[in-house]
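Sharing a structure, written as structure tokens. Questions coming.
Chain lettering (A, B, C, D and E) follows the sequence in which the chains are written, and residue indices restart at 1 in each chain.
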Amino acid sequence: MASAAAPLVSLEGVTRRFVTRSGTDVTALQEVSLAIERDQFVTVVGPSGCGKTTLLKLVGGIMPPTLGTVRLNGEVLARPSRKVGMVFQRPVLLPWRSVFENVLFPLEMLGWRTAPRKDEARRLIELVGLGGFENALPSELSGGMQQRVSICRALIYEPELLLMDEPFGALDAMTREDLSFELLRIWNEKRKTVMFVTHSITEAVLLADRVIVMTARPGRVVMDVPITLPRPRTPDTEFTAEFKDFAKTIKSAVYAEARGC
Amino acid sequence: MASAAAPLVSLEGVTRRFVTRSGTDVTALQEVSLAIERDQFVTVVGPSGCGKTTLLKLVGGIMPPTLGTVRLNGEVLARPSRKVGMVFQRPVLLPWRSVFENVLFPLEMLGWRTAPRKDEARRLIELVGLGGFENALPSELSGGMQQRVSICRALIYEPELLLMDEPFGALDAMTREDLSFELLRIWNEKRKTVMFVTHSITEAVLLADRVIVMTARPGRVVMDVPITLPRPRTPDTEFTAEFKDFAKTIKSAVYAEARGC
Amino acid sequence: MAAVDTTLRRTLIEYGQTTLAVVVLLVGWEVLCNVLSVPKWLLPAPSQIAADTWEIRAVLPMHFGATLAAVVGGFVLAIVTGIPIAVLVVYSPFLRRVIFPFLLTLQSVPKVALAPLLLLWIGYGLHSNMIVAATVAFFPIVINTATGLESVDKELLELTRSLDASTARVFWCVRLPWALPYIFSSLKVAITLAVIGAVVAEFVGSDKGLGYLILTSSGAMKTSVMFGVLLLLSLLGIASFYAVAWAERRLCPWYLPTNTDPPAI
Amino acid sequence: MAAVDTTLRRTLIEYGQTTLAVVVLLVGWEVLCNVLSVPKWLLPAPSQIAADTWEIRAVLPMHFGATLAAVVGGFVLAIVTGIPIAVLVVYSPFLRRVIFPFLLTLQSVPKVALAPLLLLWIGYGLHSNMIVAATVAFFPIVINTATGLESVDKELLELTRSLDASTARVFWCVRLPWALPYIFSSLKVAITLAVIGAVVAEFVGSDKGLGYLILTSSGAMKTSVMFGVLLLLSLLGIASFYAVAWAERRLCPWYLPTNTDPPAI
Amino acid sequence: QEAVSFALDWVVNGTHAGYYIARDKGFYREAGLDVTISRGFGSGDTIKRVASRSAQIGLADTGAIIASRANDDIPVRIVAMIYDRATLGLIYLAESGIKAPKDIEGRAIGRSASGATVNMFPGFLKANGMDRSKIREVVVDGATLAPLLMSGNVDAVLEQSINIGKFRRAAAQQGKTALAMSYADFGLETYGNALIVNPVTLGEKPEMVQRFVAATLKGTAYAFDHPDEAIAAIRKSNPEVDAAAAMDELVTLKEMDTNAELRSNGLGTIAIPRLEKTRDIVTEALSLKRKVSVEDMYAPGFLPKTPVMPGAK
């Protein structure tokens, strides 16, 4: 089934249900079919609790679908792939490791030597504005600082596919903007594929080749908008008329969906 | 010292330092002096890690200042006051309690009877869009849903002073907007004082009587802008020229501060 | 329906595996004893044990009941003393410094040596067996409960502090439930220690109970009966351990893994 | 400088309180014995104990050393068997079902009853005392380690899964450090149990060690010497407990409360 | 009926047949006594129970009594002797070739860490001119002595000869023969278990003690004559007692107590010179602090006026 022509990620009729302790069923995702091409930057927006995190975890292979199949490179995903990197919604850092050691953590998990990447780790920490905190423990950082550590952690091993779950959620507008463009630079330079969940419609449009809008529970894809804005994007892109059109379309879709539920 | 004329909250030359495990000192807040009048809606913005959370915890009385004094109603804060409610940056829910029980939790801690407030709890849960999830455990909720539970929890006992640390950080644009106006309504109706940390400059201006801009570490107040926009505010307020002026001023202050550090 | 079927099948398989393991061991033991013709007084074969133990079946229930009562009583006593001590130790650094050396003394002195003195002071009978069982069992409860009470999420405590909640309320609603995984972990250890404690007490000061039976049968060199009683004792241990595990599953499902095997530790 | 001074003063106060408590108890005991003229054979006074124990000072170091060796050896043995067993039990539901009944059997059978047989099979000497000490001490380690290994944050495990990390790496870098508060909690229990286990082994089959001394002195009706040895034993228990607590403080400061008293449990 | 609590030396066994038959046949009742028999936890513990009056009368080893009088001045007095000779000694297999004490040199023996048999061992060696350094000792729990001997790890064990029955049967299973060697036959002629009472009780209720001793001796004699009936009486209240083992123990006791001396003086009698000798042996073996005087350990005058003869036959 694997072929070079296959999309990098494809979901076919994927449904995911959860059984709660109280015994009721929650359908987080319902019959989602989706294909993501190599090198695409896809952003996902949708109301809180609509299944965005679930979607990312399914693609990351850390949670199996209840129905349907998830393919990576055309092959059914049986186990997580090392080519996929994930930024979780919560920082999930190891409390006993310093910032620096937390950033190097994935390398150890992959069984790679850490020495050659130490400079890169330091560079990333500097990049996200945590220079000087290399030796701090997670409990000594603010919420936004922890989140930045988890971003560095996903970037250190340069996965081909980056799954990012609201990575900039706890960051201030400026850091957020800086890191967004930094991410775009990395994506462009290293030719990666990115799936990016965000609640900011501006951010969604600004970064993406394609915005996926999801409905409230049970999560489905209601809109899939290719963003044809020219690249490279800059902070000024936001003020163009086309941008505003895209943003408006998506906003109305999100609002319609949410109000409808 | 207590007097009716005294501001509700006042900080006088407050400095807060942390000693890390590795032995270094981090100054989170440096010589912050600030007075907040009764019934004011104050928003706080500033770069990640600048001490916003620390500021709120100092006002909440759950952390003592290293230097300076914090006064509530003119009296030096020796212990937390029951008139203050806090929404933490993380949801901090009790994992063994259902959504409903988590919302009622503060009442139990205060030693109040829960029965008379049960309907109110249900109403609040409905209000934040969690109807149907009353019996779910926190681990069965998405990040944004957990955050909404923690908002209900702060509202249930109607504290006079609400300290909210990025309460809408993990919410989608629409839910966020809805809840913002809901909060304004409650504030207006019940005459409360609110200190609200956010990373969204739009949100900061839209909600506030006054926006406080903080510098990067060590946190200081660099700008204190009274927002003279007329009340009640609506979603359309955002599109007025005055609003844009305010937003611009604050944005430039935040950006200047951040870039400078 | 299918779900129920699967659950049932899974349960059967699980218990089947356990049973199979026990049966394999027993058969292997029997065969080994016969093949090597191990003398009966060194290691009797299971068949021998069963036959000889069967002969005293009339008195077994009485002895078993006595031990069971001491185990349950001692276990309960260990809980109602151990948890409050842990609370004192956690809330008062002063008490911690004062109490700990004594707790440690009580704990490191072997109960076999202490029990005769204890019995001389408090007398003989079920109550003293319970007390000895409790002394043996309570230390893990103190340590684990204290560790658990201290492991509470810092921000959760800050939340309660922001509400200016009383220490008692925070204890009951936050600290204690938070410590439950630690507490139950120690209760599983404590229940088996209570079994040991009860038997030790019966060794040194009782005229009934499984411990007394072990003593008399070993004294009369009835090794097979002694083994039979030891096996009965381990049955008691296993059953009470699983009873605690079951209680944990009922009382605090929230922290236990969901999708794994039900009869987890 | 001021900080150092304060720390020093605080430490002095803390140890002062502990010492004071012990002294108060000893003095109270002495006075009580004299005032009520409690017969020496029922409860000897501390002065009596000290005097009579002093007489055998020549042989004490040798016996103390023997017990210490058995305690340390047994403790180490309990760790190197207990933790791997916990790992097996956590990673393999099948092994859990098969191993647990046997573990529980081993645990619920009193070692005092089992030790004679064990010694008969494995021979007498330091090694067998260590093994008995380890059998007594290892169960809490198994239970707590298993609970700890299973309590790992679910999303942290998802993170490692997303990296397709090997089970071994996840174990060493995530699960084991995560379980450390549980493990150390059990080690504090285990070290005191190792003391008990070593003494029990010396009771049933040894010609040196503090356990042997207790038996001979009680056999020769020297109650005060027996008490002296029991006190020595509890000193050993206290010292080894605090050694473990100290190791915890050195090895994993991250989960221990910072601003509270240093000599926490 | 006067209530009397009586503490044995150890768990119930065949040597206790006399008390159970006395209770069962109503000898105690006839004497106006309602006797509660409770198991013991070793002689030392029984002595303390009697001393603290949690038991009124007890059964304990004479050596232990002397030691507790000398060391700690524990208040107890002997009123009647039950074991005319201490049963302390060795048990060995005939196949080992041991014939005399000297044969033990150069061999391994098993013993427990403490107890009367162990305490007296040095005295036994000395009396027979033996060298302890030539003997390899294996220290084990009392319960392990038999398996240790049978498994051939040692050639002899220090064990009371009263327990020979069990050893004999275990040895027979392997086609071997177990034999006993008593210290008493080789220079250490000491007394064994005795009935003890607290001197305060003696002062308050001398009558009761007298009646108890008389009824007890009567029961003992009856048990010697009717061993089956006596064992049945034990098993009535203590079904866990093994009949065969108990019979062995009772028979051994009977053999010990039916010697010429007791046949003429009656059961329970104490010869002062022998008591003194016992005291001397014990004092030396345990290196006691002082030599206890006879009146310090023995309260005469509580034996029945008409001696009870051991066995009618």
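Annotations
FYI, a contact is a pair of C-beta atoms (placed from the backbone, for glycine too) under 8 Å apart; a residue touches a chain by one contact, two chains touch by 3 or more.
No experiment lies behind these values; they were computed from the predicted model shown.
When the partners of subunit A are compared with those of subunit C, the chains appearing in both lists are B, D.
The most distant chain from subunit B, with centres taken as the mean of CA atoms, is E.
Per-pair counts of C-beta contacts peak for the chains C-D. If you average the CA atoms of subunit B and of subunit E, the two centres end up 84 Å from each other. Subunit C and subunit E have centres, each the mean of its CA atoms, that are 38 Å apart.
Subunit B and subunit C have Cα centroids lying 49 Å from one another.
Contact with two or more other chains is made by residues 42, 120, 218, 254-255 of subunit C.
In subunit A, 21, 90, 137, 139 are the positions where the chain touches two or more neighbouring chains simultaneously. Each of the following residues of subunit E touches two or more other chains: 48, 52, 143, 147, 151.
Note for the complex: subunit B touches subunit C at residues 57, 60-63, 79-82, 84-86, 88, 90, 92, 94-96, 105-106, 108-111, 137, 139. Here subunit D touches subunit E in the complex through residues 39-42, 115-117, 119-120, 124, 202-207, 212, 215-216, 218-223, going by the rule given at the top. The touching residues of subunit E, counted against subunit C in their complex, run 11-13, 38-39, 41-42, 45, 48-49, 52, 54, 143, 146-147, 150-151, 166, 169-170, 173-174, 238-242, 245.
The touching residues of subunit B, when paired with subunit A in their complex, are 18, 20-22, 26, 45-49, 52-53, 89-90, 129, 135-137, 140-145, 148, 166, 169-176, 199-201, 251, 254-255, 258-259. Looking at the complex, you find that subunit D touches subunit C at residues 14, 17-18, 21-22, 25, 42, 89, 93-94, 96-98, 100-102, 104-105, 107-114, 117, 120, 139-140, 143-144, 146-147, 150-151, 181-182, 184-186, 188-189, 192, 195-196, 199-200, 203, 211, 214, 218, 226, 230-231, 233-234, 236-238, 241, 255, 257, 260-261, 263-265.
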